[in-house]
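Next up: the structures, one after another.
Here chain A shows up in two complexes: once beside chain B, once beside chain C.
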Partner chain A sequence: MSIKKVLQRLGFLLLVIWAASTITFFIPRLSSRNPIRERFAELARTGGFSPADLEIIIAAYSAKFGIDRPLLEQYASYMGSIARFDLGISLHKYPKTVWELIMEALPWTIGLLLVTTILSFVIGNLLGAVAAWPRSPGWLRAFATPFVLLQGVPPVLLGVLLLFFIGFRLKLLPLGGAYSIGRVPQWDWPSFLDLLKHQILPAVSLIFGSMGAWVLSMRGMGVTIQGEDYVNFAEHKGLSGYTIFKDYYLRNALLPQVTGFALALGTVFTSAIVAEQIFSLPGVGSVLNDAIRANDFMVIYGIVLFITITVASLMVLVELIYPLLDPRIRH
Partner chain B sequence: MATIAFPQPEVRQPSRATLVLRYLRRNKSLSVGLLILLFLVAFTVIGLLTINPKEAYPLAVRAKQPPSVTYPFGTDFFGRNLYAAMVIGMWQTALIGVLAGGLGTLIGVVLGFTSAYFGGILDATVKGICQILTPIPIFLIQVVIAGSIDRRSVTIYTMALIVVLLAWMGPTLVIRSQVLSMKERQFVSVAKLSGVGDMGIIFGEILPNLLPFIAASFVTQVFVSVYASFYLAVVGLGPLREPLLGNIIWGAQLQGAFFNGWWWWPITPAVAMVLILGSLALVNMGLDELANPRVRRSE
Partner chain C sequence: MKPVLQVLNLLVTYYTDAGRAKALDDVSLTLNAGEKLGLVGESGSGKSTMALAMMRMIKPPGRIEGGQVIVDGTELTKLSDEEMLKARLSKIAYIPQGAMNSLNPVLRIGRQMVDAIKAHDDEASRRTIEERCMEALESVDLKRSVFKMYPHELSGGMKQRVCIAIGILLNPKVIIADEPTSALDVVTQRQVMETIDRVQEQLGAAVILIGHDMGLMAQFVDKVAVMYAGRLAEVSIVRDMFTDPKHPYAQALIRSLPSLENKGVFQGIPGLAPSLLRIPSGCAFHPRCPYRMDVCTTVRPELETLSNGRQVACHLYTEGLTDAGANGIQERHQSVYARPAVKDIDNRT
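Coming up: the complex of A and B.
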């Protein structure tokens, strides 16, 4: 792959980041809401300071956050701070920065996402491939059908149903949170098991919620590959069914799925954010939820930007790795 | 010699209804999806005729009652009759879906047609915008928009608008690619040579051929809109007063419904939403097969 192509993709990535930050800059400023005023009005309701003082405080903070400057100047300094990974300061958890809040929550989200995404990709593609493989037994082939329905169901809803049946009715697994109530997490075995127990339902709902799409697209892919000459040739050579399945059929059908994987990353993050809310798990999603509830705008915009940049970078990364998987594509 | 009169075999073309029924029997996902949708519509229509709409809003009935004869789905923490709330919520979900889906498809058709047919700068712009926006998770941008609006002024219609704002890209790209391939076909060239104008070709030649695609992308769009508005409502960015299904689940989660034993509160909207989205996905898949026979190979 040529250097030019790599640079081109990186340029595209910069363009996407620019677009996302421009959107998160301008949309809030189009609205009539003033985060600082709202925050202080909220404080004024609970504590007592006079309306005149309030105006002075708001003016002072507007100057501090730079909201009183001309729009273009604000835009320039906003872009500058993004380039320095400075996403601003939380209005509600002042003086914590948005970056700190995200970094505290990130390990949780990454842990959950990594496991569920990989598992659903592997299981989903295997099931799909088996469902399309003409020599697999009938019951295995029929197994893919329910996924047509499942594909439309967001993981959150699966989460609610699982919470009801397994958490509430059968009382097998906890109803939410990251630890049992009252447990102080430590680096020991029981703490780890407790943590694992709390992650099972979220993980299962995320895996099954995103598996349907893989099963169906892989089944579609598999059917197209069956008619290919090289599969016929391998069969006539007398290779065993397993070898054909593994080396001729699965490997080739899997290639477009890798591209699909890159495209699905946005959905994956979205599902995780919403699932964290339903299972009251710590993570980037719950930080976002708290921010929405508390009208903490800086955090909302910071998280949106952070996830967008992550997803876009991962997409470009997959695209750059792709030629290594498929030698036919030499950019 | 007596001539044998053979009974004339009568060839009868089966009626349209029979043909449709036969097709539905073959296209299982379409028929199952339509059946579930029909059931949901019946539930909503019958519900709208029987409920007192006031009971779908807070402080209307006794709070926290489990399902019973008077309250088939129970009542919630805020004193809403969940049956009434479900009926109104389904109706509002359908409204958002059809409004946002219709608008999104309309924008998609207009943009897709003009950019693909006329090409040039317009096409480059539309394609460029779609390319740049593709890696950005749409839901997050919707969160920014919905979060910037004063929560008290959010209505069902603003929800639909927020969803449409970013959801026109899908249908635009689908229609665009179809028009691009369609305008190179021979019948279009023939029409062009016979002196048919641009409008005549668009409306007389290409559009009629694309109707199945437009129908399919409408259903996709309804699905996407319902999905998006549900997600926004679940994280608490919906019109908080309305009994939108996502809002009910959000409220239940906020009050710790399962921890407190009020299991009926989140479960009914969740099941309803599974049915709505599942049936739309099925219909979507069925229509895909109808519009694009090549997909049939994968059955």
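Coming up: the complex of A and C.
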């Protein structure tokens, strides 16, 4: 791909980020709600503020967060701070910055969600490919069938079922949390094993919840590709089954799956909200959930923007990698 | 001359839900080095099954149920699966109709050629292998630069040449070209055929050309084999086949070709090719045959060699024919076709 195309894509990425941040900025401000007023009104209901003081406090905080200034001026300073990766300060967890909150939570989400998304992609596609390959042993081919059923079970339900049977009934694995209560996580083996133990159920439910789709779509793709003339001709050339499987069959069948993978990456954060809730894990999803409950709009905007940028960047990355996989796409 | 390819009593059956389909029924064929055989017949007559069976590439629900394929002294039908992998391309090569889809779209041409050599010879150095590929490309009139290109960067004719180049990489003794010119325009068709012709002469390999295009056959092959319902109906040298076909089906096939003498007057072959699931008893062609005799409906004619060396599977030419039957045929023949095609009924002695 030419440098010009790469720059074009990157330019487009910036455009997407700008559009997303603009929308994130204006939509909440279209409503007449004032989160600072709401926050203090809530406080006033529980603790004894006098109404006069309240107005002064609200005015002071409004000035501090800059929401008393004209809209365009706010927009300019907002865009300016985004350019500096400054997402503002949390209202609820003041004085932590939104960026700090995201950075604290991100390793958890990446550790669980990204790893399971990739694992699910790899295992699912291999299973699907093997299931469609006519020379696979029968038991391996039959292996794909249960995933048709599993495909119909929502990951949420799967998670709850796993928690109930394996965590609650059999008490084999912990019911939730990132590590055992009372443990102070350190960089040593016991901590790591404890962490791993807590991640098994969430990981299994996430992998199995999403793998069925990969198995089925890959199997469908595989059936098409193995009938292609070039796979037949590869056999006529006397190539070994392994070479044909890897370079002539899998390589081609994977192409549309890679696009699917890019799309799946977009849902990583969405599933994080649910998964981290069910298994009471820390992570970006939990932070977002807390922020929504506390009406902490700075955090909500920050995370929404962060997700938009991450997903858009990953999409561009996949788009840049794709021509390496399929020469026909090269411009 | 010792034959380089011998197919003996080959039997291939497809097991379908509707029943057993005999795709190849007791087919025997001999080919000498340097000989070019054209294999013609209607769709479903078993031409491609024949090619696949020789490569041992029949896939389930199909099965080779009997017979032998001997190439250059090696009995392919006896080889283990591993050995058969090595025999493909080095003893017997297959050139697909490559204009459309026979090359892997995501690998460079060079890689696809190198793959083929490496599968047979994992000791040769990279340089030697590449040099061999380049030479093969040059021998089919392609530039060396094609080595580094992707299939989508080539035209249909060029892709077909690449397939031929791959086919000759390991100097096979037998080359099977399965409709190598379909989906190509007539000019490219001719160029591709000339390429096959030339590389075949260089290698001294025997070629089996499969196709429907009788015109193309007439120009390029030495012998023509006509297939009908999974059996050989007639095998003759090309001149005899076109001027004096013996089998009634071959006669009808040749008569259906347009020629300069009878412009605008074509004769089709009445009826349809039989389903392989319900092959007529006796001679499979008897329901459509203008010379049908009683014996045709019950006894299957075998491929016999007539005194002039031609091979025909038809009761018209075999001993058991009674005088009455023969006369009847002659009469019928006169009435069905103005020009007598069966000039002499050859009683084998």
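Simple rule for what comes next: the second predicted complex is superposed on the first by the 311 of 331 C-alpha atoms of A that agree within 3 Å, B and C clash if a C-alpha of one lies under 4 Å from a C-alpha of the other, contacts with A are read in each partner's own complex, and residues count from 1 in each chain.
Note that a residue touches a chain if its C-beta (ideal position, glycine included) is under 8 Å from a C-beta of that chain, and two chains touch if they have at least 3 such contacts.
Since we're looking at a predicted model, the values are computed, not measured.
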Fit or clash - chain C, chain B, common chain A: fit
Greater chain A contact set [chain C / chain B]: B
Touched partner set for A:P327, first chain B, second chain C, both or neither: second
Cα-centre angle that chain B and chain C span when viewed from chain A, reported as a multiple of 10 degrees: 70
First, second, both or neither for A:I200, with chain B first and chain C second: neither
Touching partner for A:R251 - first (chain B), second (chain C), both, neither: second
Partner chain(s) touched by A:M79 [first = chain B, second = chain C, both, neither]: neither
Partner chain(s) touched by A:G238 [first = chain B, second = chain C, both, neither]: second
Which superposed partner A:P134 touches (first chain B, second chain C, both, neither): second
Chain B versus chain C - smallest C-alpha distance in the overlay, whole Å: 16
Overlap of the chain B and chain C footprints on chain A, listed as residue numbers: none
For the chain B and chain A complex, residues of the former touching the latter: 29, 132-141, 143-145, 147-150, 223, 227, 230-231, 234-237, 249, 253, 258-259, 263, 266-267, 270-271, 273-274, 277-282, 284-285, 295, 297-298
Interface residues, chain A side, partner chain B - complex: 15-16, 19-20, 23-24, 27-28, 30-33, 132, 148-154, 156-157, 160-161, 163-164, 167-169, 175-176, 219-220, 223-224, 263, 266-267, 269-270, 273-274, 277-278, 280, 288-289, 292-293, 297, 300-301, 303-304, 307-308, 311-312, 315-316
Complex interface listing, chain C residues touching chain A: 55, 57, 59-60, 85-90, 93-94, 96-98, 100-108, 115-116, 119-120, 150, 152, 163, 166
Chain C-touching residues of chain A, taken from the complex the two chains share: 134, 228-230, 232-240, 243, 247-248, 251-252, 255, 325-328
